[in-house]
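Reading through the structure tokens given below for one structure.
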Amino acid sequence: MGGLEHANWFMRILFAVMCAIIVASVLLAQRGRAMFIRRIPGLTAIEEAVGRATEMGRPILFSPGLDSINIVTLQALAILTYIIRLAAAQATRIIVAIRSPTVYPVAEESAREAYEAAGRPELYRPEDVRFISDEQFAYGLGTVGVMAREQVATNFLFGGFYAESLILTENGRALGAVQVAGCPDPTQIPFFIATCDYVVIGDEYYAASAYLTREPTLTGSLVGQDIVKAILIALAAVGIGLTTALGPGHFLTVWLGGGG
Amino acid sequence: MALLRAVWSLFQPAPNRGVLLAAIVAAAILSVFILYALHRTLGPRGRRWLIAVVTFIAGLFFGLEFFWPVKGEPPKNFLTDWIEPVSTMIAVIGAFTVGLGIYSLCQVHGRNVAQRRPGWHNSLTFFLAMLAMLAFGLWEHYLHLPQPLPKVVPWQKGIYEILFNGLFAPLQAATFSLLAFYIASAAYRAFRIRTAEAALMMAAAFIVMLGQVPFGAWLTSSIPVDAGWAFFRIELLGEWVMRWLNMPAQRGIVFGIAIGALAMSLRIWLSLERGTFFTEQS
Amino acid sequence: MERSPERSFWHRIQQIPRHYVYLLLAGVVVWQLLFPIRLPVVPSSATKGVYDAIAAVPDDKLVVISTDWDASTEAETAPQTQAVMHACFQHGKRFAIMNLQPPMGVKLANDLAEEAAREYGAEYGIDWCNWGYKYGYENVLMALGKNIPKAIGDDFYGRPVTELPMMEGVEDIEGVGLVVIVTGLSAMTEMWIGLIQGPYGTPLATAYTAVMAPIYYPYLDSGQMKGMLVGAKGAAELEALVDRPGKASAIMNVQSWAHVLIIALIVLGNLGYLFARGRRGERAS
Amino acid sequence: MNPDVYVLWAAAIATLGVYTILHRENPISRLFEHIFVGLSAGYLLVATWTLNLEGKWWAPMIHERRWYWIFAPIVGFLFYFIYSRRLTWLARLVMGLFIGAASGTFFRQFFPLFAPQVTASFKSVRAQAGMNLQEFFFSVVLQNWLFVIILLTVLSYFFFSVPHEGRFGRNLGRASLVGRWFLMIAFGAMFGNTVMARLSLFIGRMSFLLHDWLGSLLPWFGQHGL
């Protein structure tokens, strides 16, 4: 890697424009503009999966992935709070299996807050947010152990997952759990598709909180994201056109490479 | 005794330790006092505001260093020299959360042992394994220092070997290798031509898998390498699938998540995130 | 999960219990480890490229094998290095080992070379030599292009390379007919292409771990690399070409069998699905 | 005492113990699960001290006399207030620091991570000079054209706020359907590409069990296998 350590003027402008669009659409939405979001099946399934655990009277397992505190994990915790609120309304227990010690206090705090927001603070049990292990495969094995011993009915896996993903989902499947998984990084998606009931792919993962909560702030952000994606497509189209016309190494490549 | 004294000597501060200790204690008392004062004076709104400000400044610091104009060789701006120490500081602060993780584990397993719940002996094993690794791991570490501690017990090295190379590493490898079984059974179960999507997935997996082993190459080896239709030799077809079908799709996903993550970063940086985490109250 | 009331053969092969799948896989692996039945190995064009490039080296020029690997990638890179050495000895090409990083690589490769040399009765200093670990990355390569004795200085055993008979007449990169990089580290390739292959046109062949190989295919397409060994598969294919089936061949043979098993299972499951569906269709009509 | 024999046996038993989970979660796998989790917890403590705190915190503070490093544990211990109802906001304060740092870090990474991906998608979509039709088809149509089409259709799948209605929306819906097919092809390819790596781990373990462990008991196994 290396190389690009600081932005050039092109990046500064591009970044400022992208941020401005997202923030502006958030603010517009907060003023009450109605926004549309298309159906995302994997996310619609969350409610159904929580309902199944309630019906069976068994707990739910949630894993926020392996990453330490970063954007992926924070989004996972956002989804966790939503699921806790759903489950708390039905008095269904949720066990959270944590790998990163730094994520542990944040998850614990989010869980407590979510139970309070749902009006069921008495359901919150601190020991249900569990640190399992920071070692990737010890985490995998330990989490499978929790699934089996607690007889979970539903597994939610949202966050940054790596090779251990298949250990979790294949065992979850063998135990008969309903599984919904999501990971922004594409590498583990094939295994989720092969073993889970519903899978949230790529950017659907970041659309999750908006889709689930329908908070104006978040739906507004989603609209802004779509506009920025359109800009990115335009940028790629211009780049392709320039490469076709001028050959590789034209000015846009240079600018995006940090030169200029 | 000799051992304890040697360990103790490792933790001795440099000369003139009185001044250093005084500074440390003073700084500690001062920060506790500041935190206490904040706790007493700030109301719920003030606290929320302070948290938002800390979040904003932390994000600004790391973001601004990248975008602020740079000068000189190597290129630098006024924040560049601070990135490394601040990152280290944050890593060190984060390291203290390890205690919370261990506390969580001890809470769950301690209760199992104390209440003699079913499987409590497993929880006991957990404690034994943790303490053994802790003791012999630290011992091993200090044996490798420039001036090793006196070798009090001859079998220390052997026990560490058993714990690390006999249990820890093989458990890691064995758990990792379970994936071979899981991937085989997942492939068998998932790749059915029930839907167009599953059929496409299966076809791609099929070609790539065959292209990876010499046996697959043998199947299409009758196609000459220099013929125009050499494209259909399975190892070349597999490589083509990876490069020209898999790669652009992955890139499409990456573009999407780049923007999604950017929006998420912006929202939490500006404390705009709503309906998630702990932004509701307090 | 859902149980079909029908118990026909076609239904059952759609629902082989996972325990049987596991047992079949373990059985095939153990069986092939203990009593291997060799499946045919046909070298891919990338591997063939490496072999042909070695064969095409003029007799008055050296092959340079840059062994930039250590124990962490040994499973793939050691058999690759070994197979390349066999290919050199079989074609009577003299080779020199060197490496830029990590220092261990040159020692591990030296052991492999000694072993192979015994088999062909080759002698150190005449048929092969070891230039040793050279610190300095780009600087070493730049110097190598202009003046080899000066860039290398002493060999692995601490003797000046000018004293080695095979180095007679080898002054600059013109004395090298092929560079083979064996590595699990990225950035090595870019260095060799940028400083040696590009400026001097010295042919280049490479051997990578399976994980890192995909990013280097473009160089193969563009002809900047004559050939490329991809992981244990590439090593096994080259072992087949030099007729010295070794560890890589054994591993790849097990791999082939396990892949065949998985593919057979997928095919069976789909046949079951198609036939069971077909039958249900008949009954309905 | 020669530890090698004990190491060999411990490793073999641990490996077999883990493999029992293939049948189902059982008392043996549970025992090894707890040993594994315990060892890794102990190792986490050791590594946190020896690889992190000792060199980055203790040594600078005590040996290099940087007294201000005392602030690190004080701030770090704010995390522990999650267990206190009244002081929990202090824990949130330090979490705010980490969350802010996470977003700032992402801002930094945005261009270094994604700009090369954008520029790598700039493919030329016309024939090079001197190409015949066959070369054009295999090296431009089947590569660069396809690349651009897949990239665009996949991206169209990730538009969430445009209804798939009306002329534009319906076309977007069609493109996103094609995009989803291409995604499935890509996932299948990734799946197939991983099989070999996973199998090689298992082959390595079996080779250890047969050759190293059983081979140490029965020489016949030592002579067979890898």
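Which chain is which? They are A, B, C and D, in the order written, and residues in each are numbered from 1.
Everything below uses one rule, namely that a contact is a pair of C-beta atoms (placed from the backbone, for glycine too) under 8 Å apart; a residue touches a chain by one contact, two chains touch by 3 or more.
Keep in mind that this is a model prediction, so the values were computed, not measured.
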Which two chains have the greatest number of C-beta pairs in contact? B-D
With centres defined as CA means, the chain nearest the overall centre is D
Going by the average position of its CA atoms, which chain sits the greatest distance from chain A? C
Which integer distance in Å separates the CA centroid of chain B from that of chain D? 9
Could you please state the distance in Å, as a whole number, between where the Cα atoms of chain A are centred and where those of chain D are centred? 15
Separation of chain B from chain C, taking each centre as the mean of its C-alpha atoms, in whole Å: 32
What parts of chain A, by residue number, touch at least two of the other chains? 5, 7, 11, 15, 69, 71, 74, 101-102, 105, 109, 126, 132, 134-135, 137-138, 141, 149, 174, 186, 190-191, 193-194, 201-203, 207, 222, 225, 229, 232
Could you tell me which residues belong to chain B and also touch two or more other chains? 65-67, 94, 97-98, 100-102, 105, 119, 171-172, 175-176, 178-181, 183, 185, 187, 189, 191, 201-202, 206, 209, 212-213, 242-243, 249-250, 252-256, 261-262, 264-266, 268, 278, 282
Which residues belonging to chain C are in contact with no fewer than two other chains? 18, 22, 25-26, 233, 255, 258-259, 262
Which positions of chain A touch chain D when the two form their complex? 1, 3-5, 7, 11, 15, 35-38, 40, 69-71, 73-74, 101-102, 105-106, 108-109, 112, 126, 132-135, 137-138, 141-142, 144-145, 148-149, 171, 174-175, 186-187, 189-191, 193-194, 201-204, 207, 211, 219, 222-223, 225-226, 229-230, 232-233, 235-236, 239-240, 242-244, 247-248, 252-253, 256-258
Within their complex, state which residues of chain B touch chain A. 65-68, 70, 75, 77, 94, 97-98, 100-102, 104-105, 107-108, 111, 119, 171-172, 175-176, 178-179, 182-183, 185-187, 189-191, 201, 249-250, 252-257, 259-268, 270, 272-278, 280-282
The chain B residues in contact with chain C across the complex are 180-181, 184-185, 187-189, 191-194, 202, 206, 209-210, 212-218, 221, 225, 230, 233, 235-236, 239, 242-243
Chain C residues touching chain B - in the complex, by the definition given at the top: 14, 16, 18, 21-22, 25-26, 39-45, 48, 214, 217, 233, 236-237, 240, 252, 255-256, 258-263, 265-266, 269-270, 273-274
Across the complex, what residues on chain D touch chain A? 18, 21, 24-25, 29-30, 32-34, 36-37, 39-41, 43-44, 79-80, 82-83, 88, 91-92, 95, 98-99, 101-103, 105-107, 110-112, 115-116, 118-119, 121-126, 148, 151-152, 155, 158-164, 183-184, 186-188, 190-191, 194
